[in-house]
Each structure stands twice: as structure tokens, then as C-alpha cells.
């Protein structure tokens, strides 16, 4: 067995620093609500569908109540329902028609009850899907890890279904449907089945359903449950989490930092959204994936390795604070060093082991080389092989498979086949290699791990001394700096009033 | 450092068994000479060139003296030279014209002297080339090992030169020119520059010269000596060794067992030739390569691993018996397990380490996957990557690079480029991995090594109880059985008379 | 038969996307790049993405490209040329020979002249067979004579006569510089000259052999990569029956 | 200019050998194989070796092939279309602008709308540059404004006006389903409509951009994979001088 000798004390210290950072952030976020949080609440209560122009009803309601959004939407909804004795549909119609004027005054008694009832029903749907998943997984085990995770990205949900089924038959255990570019910038979730996306397919409830069904079919055929993954990150984090929960997604990318750094989304907005979003993922038994891998696409893996680890510590605490258990916290890391680097492989191995040892109950998600892939598809295939090897040797849980065509376009049907063949070959041919090797004490591997951990602790000490917002402003992650008041979506953040009420409070 | 715990005693026992086998064989072989040994003697004395039909002069002379070949050719030659006082040319002309009748009787005095003088001159040429090599290597070091070895095989020596130079510039450290198919079945060495070969180019003295010159040029350009390799095995083992010595080849495949098993050459013929051939390689400072890798092309690597090791022990002793020092004995082994095999990589690693530990002063030659390559060139590239990885981790000396196009055709210019890129990536990116890892005592790797060594010893005990001939008849190696009196070239074996004399006797 | 046009598929029906790689004997640079693009256009490709252009030695540039085909292939036409039927089992073949021939068929196999590759031929002949399917030796309707590798023309002719062969099975692995053309054509000529051809079913196999190629060279058929012994047995029996019962 | 015809090279001059891989949406088998061969023939290839044919899913067969081109490309023709001259150094360009323009040129860069890829644009703009060559910010003859990623059309138009831009540099990485066509064409239309086009040098860059493509879409030129900042600087200065001194 390969094990690094690292100081347990140091790891504990990092955890407690990260906890400080998370607690502070949680305190800040709990003062706010956002348009998407309120829309999510409506969705959880059962509101769905869109108007004739395709504008989702939750958006219409929230926009209509925009002025007093600090009270939340559940309160006015409850008031209308209680006063009229009608159902959700009726109350929504009222609110849309008359706006705030529909809200009765004085407050009827027990106005929370009808909403609480709907909330219970909504959560019930989620837990039924969770049970459904458990039962299916019992009957059709996913199979051994590392789980092979591949993406489909045709832009057309029906073609995605074809490719997803083919990938499953080729050995994939997790299928992620990439979103059409820029969906994360949309402040609503599109409706219905979609067939025109760019480098991905829109995340919609209907699309989730179509792919989930295709995978359920193929799962039965193959005798193993094939997991489905999609993305929460962006301006609709909690809403998409709710839709994923309803449609039995199994894994979701959920990382506000990705939105901040790579999509220029406002940090207060998306970090506030993230708490609610993760809470839903947690309830639904969905494994979240965090996006630390992305840092190494704009920053250098050799010198920024500790930022990945530090972010993992923070993301762990942020997830725990949202009520997600370790078993669902799929922290991200990546194999992204320059292949020209002498002994680069040793650094990759050290880092992968370090993550594995520190986050030992977490379904870590290990990401393949992308940045140092070029049009030499043969070299790319080999780089993926070494990545697969590290993943196998160090026992990662979720292994996103690299594509030889990475530098050219989103994958085609045989690219995925070849990627799965690569991963299967390594998993089978080197199965017990990790068990049979040991690490030379005090050698290069250990030294690298110790160095990364030390730098990580230093960084966390620094961040804990300020706030996460300040750290992001200083360009700590991915080499990208973002101002706290900049970015998209800040106008959707509202300070809660003392009248704010929401039956779904995460904490 | 990865080290296997194996019994030194057992290794010693294997060595002494192999020595018994070799000694016995040497005793048998020393009773015979062959047409090619005699032709080689003429070549070493300075005879060269061909007649108008392209028949080499050494063949003409030996054929003319065929009847009394048991006396060797050096004796009649000496007798004619001594009696006529003429030079080699004159004596050869006499012998060709008049045949045995040219031999004077009674014997002139001191008839050995003129031949001994020519012999000294011939060996002088060889040692001058050896010095030349040393000086060049001093000035232009070959570079770090594993040395990257690639083949060229265009069939046209001038095109080979183009490809060889390109390969050198791409990073190759050893270039082997593959021979045209079936040359090993020719009982003569063709003459001159050749431009039409099939899946290889004829091994001729002129071709050697042309490629050596091309490589000398590119060596100067690159500031590192690029080695040249060709093949002795076949019906002309010692002759080609002599030509290689004259033209400063640096490495030669030299293995009678290859000829026996894969070319159906008679065993007495080629094993007798081999002693003389290796003696010349030894003198010339040429590294020999043995062909154990081939066994795994017709037999299964998982169950026949010990036959490779046993053959290495035998080949080591046969080479030592020919006067070749360990530093020139490039024993062969290969990465040829079925990629479908669970934990196959562990067996490969164990075997490569075992060879490395047992033959620790030998420039081992490690051969890439070929048999389990198919038209999936991407998979092939990955298999080569894992091979390169084992080679690097276990510190092999000569690493023949696999080609992604292996199952299709002999390599093209970019196949070699890609192969070198693959090997360079692994060598650089994993440079010190082997140093940083240790082997779990008593684990799967060690158990496999212990098993192979045990089976090897059992096999050697069995062979030592009979003769190598009997073992070959029983199909011990490569799963191929050959009768001692069968195969090509037996008619070229002649029992020496007591008058036999040869100034070049190996022992 | 009405079928839809066939194009390569990558991620959208009809996208026609393929991958290519090749080297041009030119110095890397704008001229080489234009030459690469022109080469690809001459292949009736469009939407060409040269994703890699690398100098791999002075005067040699290696390219990797993705592009789309501009044409479709008609499945109906192809399907017509390809006969499809359920393969016959070993028992069925044995039975057929038993009832219609009444004796075992004599099969002689060899790899020719300089070619030392026996693994493919053995895979077809030996009991052990290939990919778990028994070889021709296992068929009780055949008597097999596997001469092995490197068999010179003359020795093969002798064997055909001596054994009174019904079927000749040649294996040819080395195809570099058209060596197989040379050897197989010469063998075919000798069979004609020796008047052995007419009563012999002649088959060639090897990784680069196709039925078309074999026929072009004067043989009855050819078998390529991944051939299973059963397909060969079936061909032999059907061809024999066809010849003797028409 | 007299040059020899160009063909791919593998191991013999003129051999024309290339490698291909693709998937046909068909069940593996003889029909798929024939369709693959026909596809390759339609690409003007010969000596086709289908070295791999694998069922990668029901209804999908993956092929790897080697084959030879049947045509040559004329180097002379190509060479004419490609202008070659020694590249100018940074100092030279700064000097040229200094003497002939007498002020700094204003460069505005952005990636459009949904595209969040900045690494390529930054490689061209930032001091740090690319592959060891300093970016445009380093040139004292330029004033640079890098608006970064995801810049909406309107914000870009405003910036061009506000900064009195001489040069617009757009980066477009996502090309899936022709997204770049859509975005770039729309931007070109807006430039025309807003009457900004005439006084602006317009440049597009990105891994799948070529000069031809950029021109087709109404831009002055395009830069693809592996572009170095120096080449962009040179184009800008030369194009500016050409326009203002003719």
C-alpha cells in the first residue's frame, strides 16, 4: 500500500481553518436570499411550467414579488393560500395577476400551514427518488471504482441519449451531459426538451428526464446502474439542484467558485445560492462535484497545487455546513502538469495520494489532462493513460476520462470508446499495483506532499485571517481576481427582512 | 529502489547449470567447422568482393575446396601462399582456378606464417574500428539509458539513411536496419548497395557503410553518438559479424536459437556458427542482442516466462564461452502479455526486475509488445507507453520502441517520431519513479518473481540432464520442436580433421 | 431495397466526421500547411481542421486533421454485393460432406517461400484453433496436411500431388513492397502450368488479404484479419459442393 | 517556379500513405466493411488496408485504415499563394509606427458573448505573452485594452467608440455547431451598421480560426493555433501603414 507520512495535526489545523472560513461565510450568506433561491422554493413547493413565451412560472412569480423579495416568496404565498383556501395554482394565479396587492392584510391565522404542507410533499418527492435510487443500486450495483465518468455534448438531447447509451454499453459508469455554453449566465432554467445547444445541451427538467430514462433502460440491459450527472453551478444553482433531485440525477457539479472565477458571477450571489443548492443535493443523496480542477487551467499545477488542496478543505466545510455528508462530497482535483516537466508524474502521484489520504471517506473526483493536450491525439491518449494509472494506483472514486480529441472538439462516439478502453485496460492490467508498492520514506514523493500541505496550511491561515471574499479579490485561486461587488447576478441578491420565512431553511 | 528478494543461491545454481549446458555444447561444436566459418576466415584475412555474377569470392573459394573442408580453408591457403610467395589475391586465384590441385605437396615450411600475418592485419582492422568507436563515444556520449532503439525497414538503403537520420534527430540512440525477409536463409552475404528489399534491407557490407556514414554525420550534428545495429542470426552468423566489425556496427542481434526455432535452420550448423560469430562480436566491442523475446510470440508469456529466463542464463554462458564480457551481452526479454490479463502489468514488472537484478552488468535489451497489438493504433500507443514505463522504472539498458502501426506494416517516419515522443515523455516525466517506490515484501510481485525463478531452475536442471539439442527437439522454447538433423544448412557442417587449422580459433 | 445514405458519424447523424494523420515531405510552415489542406480537399473533405502540424525532422511535417466527408455511400448498392446467410455449424458441414461427397476432403496448407509467419495458418489449421473455435483439423470431414512455414514452390507442388489435395490454403503475412503479389502470382502461374489448378480449391489468408485481392491473383477466395476457422470450412464445403453438383 | 509534386510520405518517396479513423453508424459486419471501403475509395484513396473494424456499440462500427492517395498536389501553385518574408522584430515595428504614424495605435480585445476562454486572448495581449514571446502590451507602439471574456456585443461597441480603437481583436474558441460563425457574423454586421468597420482593422483568433474563414466572415484576417504575438503585431502595423499610406 502506498501511504504518505504526513502530520495528522497539520491536517486537523487545515480543517479547522477551513471551518472558520466556512462559518464566517455562512453567517454572511444567511443574511441574504436571492431570486433563484426563491424560485427554487416555489419549485420545491410544486410550481413548474412556463408561460406562452417560455418564461418559467417561478421566474414570473418572483419578478412580480421582486420589490418585497426580502420577505421571501413563501410568506406571500402562504398568506394568499390561507386567505383564499385555494391551492398553489390558485395562489400563484392571484399573485401573478395582482402582485403584492393580492397579499391579504391583516395576516390570516396559520398562514404557514398550507405552504409547510406543500413543502413536506416536495421533500417527499425527493426522498422517494432517493429511495428509488437506493433500490435500483441494490439491484443493479454500479460496479467497482474508480468509476468511469464520460461526457456527452451533442447539443441535442435525443442524440445525447444515443451517445449516453452507447457510452454505457462501452463501460461508462457515470454519464455527464455537458450544458450548452453560457447556460450558467442565464438567470432562469429553460423548459422542455431541447435540440440546439452549443458544445453541450441545456439543463432542463425534461432533458434530465429523457436521459435518466435512457440510462435506466440501459442499466437494466447491462445489469448495472449507470449514474447521471449534470451541473448546478451558475446563476441557478439551487433551482437546478431541485430539478436534479426530482429527476433522480446521481451526481451534480456544484461549485460557486467556478461561477465566480470562470463565469464572472458575483460572489455573494453565488455563494449564497450554493448553500441552498448543496442542501438540496444533500437531501437528494446526490454526490456533488467541486471544481478545483479548473484552477489548473489558468494557473500552473506545479506552483498552484496547494491552492487546489486549500480549496478542497474549504469546499468540504462549505458542504458539511450545508448538511452534506462526507460520502457525498466529491472534491475535485486534476492531473494537469506540463508533460515536459521532469518528474512531473511524481508530483501528480503525490498530489493524488495526498487528496486520497486526507479526504478518505469522500468520493473524490479526479480530472484528466486537458490543458496540455494539443492536436497530437496519440500523445493525448498516452497522457490519459498515465492519468488513469495514477487514478487506479491511488484509488480515486470518480475518474473523469480524458479524450484524445480534447484539443479539437467535444467528444465523438469512438473517442469515448477509446477512452473507456484505455481506462479499462489500466484498471484491469494494473489492478493491484497500488497494493504492491510502497513509498520510500523521505523520498521525492513524500517531500512533495509535505510541501504542498505546508503551503496549503499557510494559505488557509491567510484566508482565515481575512474573508473568502477578500481572498477571491486578491486572485488566490486560478490566478483570477474578482471584486466582491462585481460580476453578474448581484442584482438578484436581497437582504432578508425579519419577516422572511422559508420552510426549506438549510440550517 | 525496487528490489526483489530472491535467493542468491538459486541464481548461482542456475548459472552453473547453464554453464554445464554451454560447456557440453561447446565441446560438440568445437569438433565441427561450417562453410560460413570458413568464408568468415577468408573475409577476416582480407578477401572481399564478388565475381561477375555477384557470387562472393569467399563462397567461390569455399565451394572449390568443399571436399576437404574438414581441413579448413586457412591451411590450403597458407600452403599455396607459402609455396608461391604470393599474396592473398594470387593464392585465391590459384585455388579458384585449380582447386585442391593447387595445394603443394610436400608442405612448404612455415606455411602458417603468411596466413597468420594476414590474420593479424584483419584483427588489427577490427581493433582500430573499436578504438574509433571509443574515441567517438568519448567525444559524443550516447546519452542516458534506457537507450531508445528504433528500426528502419524501407528496403532501400538510401531511404533507410534518410529515415535513420530523421529518427536520430527525433531522439533515437540506436538504429537497427531490419533485413529483407529471408536473408537469414541465404548461405551467402549479398554484395553492394541494395535498393530492393522486402520488409527490410539486405545486410551487406556496403549497406553497413552507407548507414554508418549517415549516422556518423548526424552524430556530429547532434553532439551524440548514434549507434547502429544489424543482424547476425541466420546461415551467415560469423560472416555478418565480421562485416559488422569492419564497418563499425555497435550492436548486433546474434542468436542461433532464433534461426533454429523461427527459420528452421539446423541446430548444429547455427550453434557452431554462433561461437565464432560471437567471438568476433566480442573482439569488435559490439554488444550482442539475444532473441528471447521471440519465444513469447508463439508461446504464452504467462506460462512461458521461465523459458525466457532459462534461455537468458544459457545465452549468457554461451556468450561468455565465446569470450564476450558481460558488458556486451545484451540478453533479450519482452513485454508480451495479453493486455486482457488481470494484473498482467505486475507480471511484466516482476519479470523485468528479475532480469535486471540477475543480469546486473548486462546491457539488457527490452522488447515491446508486438503480438497483442492489433489495428487499434491508439491502444497500441498506450501499450507501448506501459512498456516504456516498465523499462524506465526497472532501468533497462536498451529499449526497443514499439510502434503503433505494428499490426499493419513496418514503421513510417511519423510512427517512429510518435514512438520516440512516447518514450521521451515517460523517461522524463517518470524519471525517478523507480527510485521512489519499494516493493511490498512477500506480495504479488515478489511471488511472481520467485515462481518464475523456481520454474527456470527446474527447466535448467532438466536440460542439463540431457543436451540442448534434446531440449530443442522436445519443444522447450517458443513451443516449437525441431529435430537435430533437420533444418537448413546441415550440409554446410563439416567435421574437422586433425589437420584443421584456423588462426582465429575462438577458444 | 431502400436504405438511407451512409456517412461517418461522430456526434450528429450525417456529420461525416473523420480523423486523419500523415506526413508531408516538406519543411513545416505556411506552404506545407496549404499543401496539407489541398491534399485533404482532394479527398473530397470539407470543414478541415488541421489540429496538429509538427516538424518531426528537417523537411518532414506531420499533420493530424479532422474533417467531414462531402459525399454519402449508398447502403443499398453495397448490401446487394454482400451475400448474407446464417453460418453453418461444424456438424452441419460434416454431415454435408458425408452425404454429398462420401469421403474426406484433403486440405494442404503452407506459408510460402520466405514467409516464416505460422501463427495465422496454425490458427486456422490446429485443433486449438482461434478465439475459442476449433481449427480445420478438428473437422472429421477433412484430412489436413499443414506444411508449415517457408515452403518453397516446388515442395508445395509435390505435396499437392502426393496428397491428392482438394484444397490449397496459403498464408501470406508479409505484404511489404507487394511481396505477396509476387509470391502469390508466381504460385498461381505454377498451378496453371502444372495443370493442378482446375481440380483444386485455392484459398489465401493473411492480415492484409481480401477476397477481391485473392481473386485478382487467380485464387478462389481470400480471408483477412480475424478470420475464424468455421468461415473457411464453410467456404470449402460449399465451394466443393457447388463445383461437383452443378 | 518548378517544383515536384507533393504526396504524403511514409517510408518511400511518393508512397502517399496516410492513416484514417472513423465510425460508421452500422452494425459491424461485411456490409459495414464494404461501406467503409467505398467511403475510402470516394476519397480517392487506393491500396486500402482496413486494419481495425470494431463494433463499439450496437449499430456503430469503428474503423482504422491505412491507404494511399492517388493524386499529387502542386507545390508551385501553393507557394504562389503564400507570401513569405522575414518577420519583423518588435523594435522594427515600434520604429515603423513611430516614424510613419507618430502616435500609439489603440487595440481593443475581447472574447464574445458566451465564450469564457481567455487564455488564448491573454496569450496574445499580456506582457507575459506566449511561448516566451512578449504579448502586445509589451509593444510601446500600442495602447491595449483587453476587455476579457464574455463581452456582450453592445459593451464591445461602446468600448470601441470610447477608446477610439484602431484595431479590434476578437477571440473565439468555441466552434461547436458553428457557434463562431453565428457570433462573428453578427458582430461584423453590427460593425457595419454602426459605421465602425471602415476605420477599424478587424482581427479574429482562436484554435479553429483561419485567415480564409475570418475573411469570409468580413474580418481583415484570422490567426489560428499556436499564433505568436509578433505575427499579430506585424500584421497590425503593416495593414495600418498600407491603409494610410496608399
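Read from first to last, the chains carry the letters A, B, C and D; within each, the first residue is number 1.
Following the convention adopted for this analysis, a contact is a pair of C-beta atoms (placed from the backbone, for glycine too) under 8 Å apart; a residue touches a chain by one contact, two chains touch by 3 or more.
Bear in mind that the values here come from a model prediction, so they are computed numbers and not experimental data.
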If chain centres are mean C-alpha positions, then the most distant from subunit B is chain A
Comparing A-D with A-C, the busier interface by C-beta pairs is A-D
Averaging C-alpha coordinates per chain, one finds the centres of subunit A and subunit C separated by a number of Å equal to 51
Cα centroid separation, subunit A vs subunit D, in Å, comes to 34
Averaging C-alpha coordinates per chain, one finds the centres of subunit B and subunit C separated by a number of Å equal to 34
So, in whole Å, the Cα centroid of subunit C is separated from that of subunit D by 42
Check: subunit A positions touching at least 2 other chains come out as 153, 374-377, 407, 409-410, 412-413
Flagged in subunit C as touching 2+ other chains are 9-10, 13, 17, 19, 21-23, 49-51, 60, 207, 225
Among line, ring, star, complete and other, the chain contact graph is complete
Per the touch rule above, subunit B residues touching subunit D in the complex are 153-154, 156, 159, 163, 374-377, 405, 407-413
In the complex, subunit D touches subunit B at residues 9-13, 17, 19, 21, 49-54, 64, 66
Within their complex, subunit B touches subunit A through residues 1-2, 339-346, 349, 376-379, 381-383, 385-386, 389, 404, 418, 421-422, 425, 428-433, 435-440, 443-445
Per the touch rule above, subunit C residues touching subunit D in the complex are 6-10, 13, 17-26, 30-31, 34-35, 38-39, 42-45, 49-51, 60, 69, 71, 73, 75, 78-79, 81-82, 84, 207-208, 225
Residue positions on subunit B within touch of subunit C in the complex are 153, 155, 165-166, 169-170, 181-182, 185, 196-200, 262-264, 297-298, 374-375, 407, 409-410, 412-414, 417
